[in-house]
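A short worksheet on the structure shown next.
Naming follows writing order (A, B, C, D and E), and every chain is counted from residue 1.
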Amino acid sequence: MVNPVLLLAVPMGLAFTVPVIERITGRVSRWVPVAAMLFNLVLCVRLIPAVLEGPVIVQLGGFVPPFGINLYVGPLGLFFAGLIALAGLVISVYSLTYIRTGPLARYHMLYILLLVGATGVALTGDLFNLFVFFEILCISSYALVAYNGDRAGLESSVKYLIQGSVGSSMLLVGIGMLYGIFGTLNMADIARSVGMVDQGVLFVPLIFMLGGLGVEAAIFPMNAWLPDAHSSAPSSISAVLSGIAIEVGLYAVARMVFTVFGISDLFLFLAFLGVLTLLIGEMCAFAQSNIKRMLAYSSIGQIGLILFALAVASGVTVTGGLFQFVNHTFSKGLLFLSAGYLIYRSGSMEISSLQGMGRRMPLTSLAFTVGSFSLVGLPPFAGFPGKFLIVRGALERGGTVIVVLTGLVLLCTILEGAYFFRVVQALYFREGISGGSGERAPAAAAVAMILLMMLILALGAYPQFAETFLRSAASDLMGAVEHVGSVL
Amino acid sequence: MRVLLSLAVVAVLAAGIVTVLRDVPFGGNSSRLGSHFVENGREDTGAANIVTSVVLGYRGFDTLGEVTVLFVAAVGLGALLVAGEKNAPRKLEKASMVLTTGSRFLFPLILLFGAYIFIHGHLTPGGGFQGGAIIASGYLLVYLGSRDRRLGKNWAASIETGGGLTFVLLGLAGLTAAGHWFLSNFLPLGVPGQLLSAGIIPIIYVAIGLKVGVELTGVIDSLMGGTE
Amino acid sequence: MTKMIWYVLSPLIALVVGILLMGLSRKLLARIHWRVGPPILQPVIDLIRFLSQKSASHGFLFDSGLILSLAGSLVLTLFLPLGQYTPMSGSGGLLVILYVMLLGPLGIAFSSGGAANPYASIGISRKLMLAMGYELPLLLIVLTVMTGYRTISIVEVVRIQQAQGWAIATFPLLLSALAYILILPAILGMRPFEVVGAAQEISSGPVVEFGGPHLALSTLQHALTTYIGLSLFVNLMLGGGSNPVFFLLKMLVVFVLCLCVHAVFPRFRVDQAIRYLWRWPALVAMAGLVLTVLMGG
Amino acid sequence: MTFLNEYAFYIGAFGLILIGLLTILLRHHLIKLIIGLSIMETGINLFLIAIGYISRGTAPIFPVDGGAGTVMVDPVPQALVLTAIVIGVAVLAMALGMAIRLHGHYGTLDMRRIKELKW
Amino acid sequence: MTGVEIILAAAFAGALLTWFIGRTSSTAGSAFAVAVLLALTALVALLHGRVYETVFYRGFLGLPMSLRTDSLSWFFAMATTVLAALSGIFSLSYMKDRKNTGFFNTMLLLVNAAMLGVVFSGDLLSFFIFWEIMSWSTFLLISFNRGQGVNAGLKYIVMSLVGSMAMLVGIGWLLGAFGTLNIARLSELIPSASGGHQLVLLLLFGIAFGIKNAVMPLHTWLPDAYTEAPSPFTAVLSGMLTRMGIFGFLLILYVMAGAARVLHSPGSTVPTYNVVLAWLGAVTIVVPTFIAMLQNDAKRLLAWHGIGQGGYMILGMAFGTGMGLAGGIFHTLNHAIYIVLLFMSVGAVQHRTGGVRDLNSLGGLARKMPVAFIGALMGISGLIGVPLTNGFVSKWMIYRTLILGGAPFLAFAALIGSWGTILSVYKFLHNVFLGQLPSKYENVRSSPVSMKIPILVLSFAILLFGILPGLPLKVIDGIVVSFGLPSLDVSLWGIASEAGTLNTVNLFAALAVGVLVVLAFVRILGRSERVGQDSNYSAGCGVPRDRYNYTARYYDPLFRMISPYLKDFFSTLYDGLARGIGSLCEAVRMIYTGYVSSYVMYILLFISAMIFIHLTWNPW
């Protein structure tokens, strides 16, 4: 059996080698992320059978939890690792040609480390380790957002940094408090002893951690950095940030709420928060004329939707939420990737300047269309099964509040449809404005986009493929007791 | 208005903190982990400095992450500052002779001290990060003294790569050599308190020390207006 | 066998009666106006003259519309009870009658549309608007009758009336009858609703392009229209007739009454006409329908 | 007074955190915001250390002669603080680098004037 | 693979292939598209009389997806494919010289395939999936013409999404309550649900189907969509696609809720629902018909009639007797035939006049484009319901049901709607084909052959179904019987029942004899001479052309009277709503002020607010 720690160690090691590779030959460095992510992907696939039998616990340094740090590679963690690897692979292929200026080697290093950070967050079973990986994720994304070095990039990056640092400080305070209360940092260990402590005391650290992670997860009041950062970063980075970074943040929130604290009292509030996030995100996106900003706000909306799905906390909705994770990664990734070249071509991010692109860049426009249809949740694309599961589960669970919230969720879908279809129409059905460069999407980008499109279609047509796995991932997320049992 | 709101927010935060800390009295730490580490740290990792045994033993993986964070920062800062338009060459006043001479004189001593700190990380207070920081301060001094001297880029790159790879490869070696766990301490632990003890810990600390030194130097370098 | 004869007799009687009524109207109108007036058979003389003339045609549409119109009106007479005789009693009842009534005006409309005369177009447009005006109350009335007697067959309606008394003498239907009387001049195209022909204004409107045999056909059609309008009223409201003679007598009475109104009133503008038709007759008819539903239910 | 005695470290630590937060909330200059962040980091580090303190404990380093029987403070928070400091340095370096570049673009570091991205 | 599966596979594969063939040659693509449509027609025809259900896919979230065919599905599928095939033929020349023909053909086939999927769905999940595919491909086609089409498409898809979401809730609820989405299973289970639940269910589905069928308060997408879509697609859209709403209503009311069991059981809320639906249908007949009168755009005028005619179907169907139901279904077919015919005629005129469809600037085209004129004439005859056209039969059935069912007010709405129809469609016919020919259209050529064929076929169908309504009514009777209602007494020439019969052949014979008699009369006695169109009027003098054409403001006196009352109130309401949401969104995004300290404040406010709530009320 292969050891899951390789998922982290190998890309990290590869990233460390890039400075030297860059010194020797400049052109190889851009293939390093591809290699790293390909490796991870293969590894994830090979790990699937083992993980489905039971979670794999990696005791780092050979110390028994809770004394050492452990990785908890359950279906959920593996799901995220695989998702990150897959999306990371596709986007790194896209970056091969998309990123052409600036310190390229550094871009690729940071890119790998961002993904390593995300993978680490998904796999770790230790609170402080989670914090460290979060910081890897955050700091590399600060740097990548500002990669282009333009006004917008820097401004958004600085704002992101300040908010992100405040967030991680809050997280650290929360972790410190938990350590003070429990004397341990292991998630399973804390989960085991949560019941023995006065619940009132636990609330404050929980809120601190929720606030801190919420910044990364872009939950409503903490998400002000997102539209700036996602819209100003290079498109490939926007794709990663939207498709992976915030989702990992949300995963961490879910881990806290479900596994570590195991409190069900807060679920209704979280569902409400999710719908609020969804509402705010979609409404802001609706009012945008800048395409990347629109996509960024739409990410907020999707995060809200997933938070809602997770907070309803029935098996079906959590599965649906996880499905929506996949869909969002692929679709939003596809949208950002195609938007990247559309923007290159038109020279502007205004939606009005994208008019008539359908004729000039057929493949890229098609990719954008598929992405938006999928995100809105139209069959036969990948967005539909997720949305269907969420609605089905929420209605099955019942309760007036949940049903009303479900209604709101669907209203937001309509709003979402309205602004996405507007862009699709602009691409195909409005008279084009000539101008901009005559550039077509190069082969690497085309490969990436076609790959994502095929994934979206395949998942939409045959959701069973993912659903079986996601169902065990969902029970992994919700089964705190099993988690504790398997770690300790 | 804004001030009042801020104060109110902070006050509520403080109130929340107070409710928690009532249950966590100062000085009354009774962590199972802490006592376990103090009792077993030497046997488990071979390091006399229990903090080191935690940093590189029990929580070695954190440290790998930490190294990575610093690496990310150095790389990111480089990307950030190099990517932009070259800053206009600033007119730099030549350093005074006292500074120049002093820095030349002190630089090897500082390097030596830094090396001492990270080599003895498992025995005394200190370690790779601290040592690295000291080394970087030495370079800072050099930069102050003679404005145009820089750390060689090729050197820097190799040390960065080498340090990081050492850490990772040692971890991977642990995977295959002993215990089947990443970062297992597969070398003989030796007698706690001696220089050659604690297995892989000193090796890692040396790697970290060099790497951190180079990276922090790189950070200083970048912030001073990188030349590349 | 007698039934088969009525297939031929009904339209013939209708034509004859219609033409006679036209002649009568001119004579009577003249008498009311203190003029001598033409002989009663004047329309017949005119028809013979028209048919002997040669007319100008504008093509297939122009001809065929007129033919369709006349044929439709002739067929319609088969659906209307003439006394106790109704040749086509089993083919759809009142609803079919309402629809077949369309063929006449539509045929004329197509025919005059085949010509490019704006007067004709204006006339048709007025005709359709006026029809919209009186159809609203008329439909209410017909519905009231059908609801009141729980049948859609006009033969049944007549039968029930002869057994239980005329509709005009039954309470809720009385209102409908009243409304019907108010709109009858509009159906017959008489003043104050003579906006379609409006000889002084738009040169007789739809028929402006017709001459010779075409005009003869349109005259025949007009005669039939008059007959049909009266016949429907008599059948629906006055209990039809136990035999054709009574029936025709009732028609005559109604026609003379309408003629008196025609003789003394000026005519409305078309919008005035619609406003009128949609106000009082419609209200009364609606009241009749509401009461019928309430009392029947 | 006993309260103060017992909680003095906490009060100091959280005092720093809150001061840092107030700085971020109320100052406009980017460098001051970064200083606020640093103050906050320091406060958090102090807090972590304070949590690990055991009354009358010593540093958890065993002298060569064994040193058995001495009460040692919890080493874990110290390890955490080590990591946290490095992370703080990393963030600080990034922030300062951005401040340099930002000044190049905007000619100011007043955050009230650096808000082209909004809505 | 069973027949249904083959049909669906062929339909979707055909769409895909058309795309690739169209990439190489647009002519070949169009030809292939028509071939596919014809083949589908044949395949569907072969399915006649079969009743079965088959699971075709198990890969979707553990819910088996199935297809089924019965008389109802077959009826709708047949109508769909035939009309799509005719539209395909029509589009051969219509789309010939346009851009993106390949895209158009592909989407046309995709819409057709999705519609087939909808009618053949054996469970609600596949129903929903096909429904959505249908919606978005329709959206792409409506926007196809650019210009105003873009807004029309957006309006369509947004409203369509509203409906879909309502349906999704309904489906989710059903799945939660009964654990299955199979229609056959549900039809056994639903009647056992409580009345309130049934009502909610019907409401949710009703929103979806009501939007698709453009029932009155939900109709606002339709006029724009019909007007702006390319004419061949408008034909498909108006003919069958919109009527998928009717199919849905039939499915939910009769197949699933089970009319025979639920409709007349005491205490059930479904009858109330039906009454409301019927009244909505009545409103849908009257108001749009009168609004249609005010239109000056040929397609928009027809579009409003499309809404109005939908009201008849709803009315007949919702009333819940065998004959009303049959009338409603039959009217669906009839409406499809004549509205497709009308849109094709308009399309032909547009094709030849360079896209003109303004009623005020056309005229006298009957002699230039006789086939288009015949199409329009037959079409409006059907639309009005002139006896011996198909529209008459179905309307007669609906009226009769309403009158004898004791609903004279609904009947009145239906009847007055018909009379309003006469006014507006005569205006349409007159202003396009009759009256004076504007001189700029002197050289208009007759429509191309590929347009003539579908027009003539449909014209013939109108007469055929008008004179021999028994042909389709036999099938419809089968549907009615399959719903558990008593069979109608259908014969080839009409309906015989206890109170009121219809015999169209009699009528036809009488009319034919009448025409022959008059014709003979004219032949024997009359003589006429062919003269120019305006020779009489101008007494042979040259008149200034285009000056004496009475087409503009055709019903002006009437308009001035009624137009103040005929505002499309709901459209205004929805537009206002959309604007309101727009400004609300604009307002909401102002919270992102760009000032970083405020953002930090948000974060801390969240944390402190939670702590405050915790400390004050301790609700958790």
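Quick notes on this one:
Everything that follows uses one rule, which is that contacts are C-beta pairs under 8 Å (C-beta built on N, C-alpha and C of every residue); 3 or more make two chains touch, one makes a residue touch a chain.
The model shown is predicted, which means the values in this text are computed figures rather than measured ones.
Chains that touch both chain C and chain D: E. Counted as hops between touching chains, the shortest connection from chain A to chain C is 2. With centres defined by CA atoms alone, the chain at the far end from chain A is C.
For chain B, the chain whose average C-alpha position is most distant is C.
In this assembly, the C-alpha centroid of chain B lies 106 Å from the C-alpha centroid of chain C. With centres defined as mean CA coordinates, chain E is found 68 Å away from chain D.
Rounded to whole angstrom, the centroid-to-centroid distance between chain A and chain B, based on C-alpha atoms, equals 30 Å. Among the residues of chain C, none is in touch with two or more other chains. Multi-chain contact residues of chain A (touching two or more other chains) are listed as 128, 132, 135, 139, 142-143, 146, 149, 158-159, 162, 166, 179-180, 185, 200, 204, 207, 227, 284, 287.
Counting partner chains per residue, chain B has residues 6, 9-10, 13, 16-17, 19, 21, 24, 29, 31, 33-34, 37, 59, 62, 65-66, 69, 72-73, 76-77, 80, 84 touching two or more of them. Under the touch rule stated earlier, the contacting chain pairs are A-B, A-D, A-E, B-D, B-E, C-E, D-E. Against chain A, the residues of chain D that register as touching in their complex are 17, 21, 24, 30, 33, 37, 40-41, 44, 47-48, 51, 76-77, 80, 83-84, 87, 90-91, 94-95, 98-99, 101-102, 105-106, 114-117, 119.
Across the interface of their complex, chain E is touched by residues 5-6, 8-10, 12-13, 15-16, 19 of chain B.
Interface residues of chain D, counted against chain E in their complex, comprise 21, 24-28, 33, 111-112, 115-119. Interface residues of chain E facing chain A in the complex, by the touch rule stated above, are 58-62, 125, 128-129, 132-133, 135-136, 139-140, 143-144, 146, 149-150, 153-154, 157-158, 161-162, 165-166, 168-169, 171-173, 175-176, 581-582, 584-586, 588-589, 591-592, 596, 598-600, 602-607, 610-611, 614, 618, 620. Contact residues of chain A toward chain B in the complex are 3, 5-6, 9, 12-13, 15-20, 22-23, 58-63, 66-69, 102-103, 106-107, 109-110, 113, 116-117, 120, 126, 128-129, 132-133, 135-136, 139-140, 142-144, 146-149, 177, 179-181, 183-185, 197-198, 200-201, 204-205, 207.
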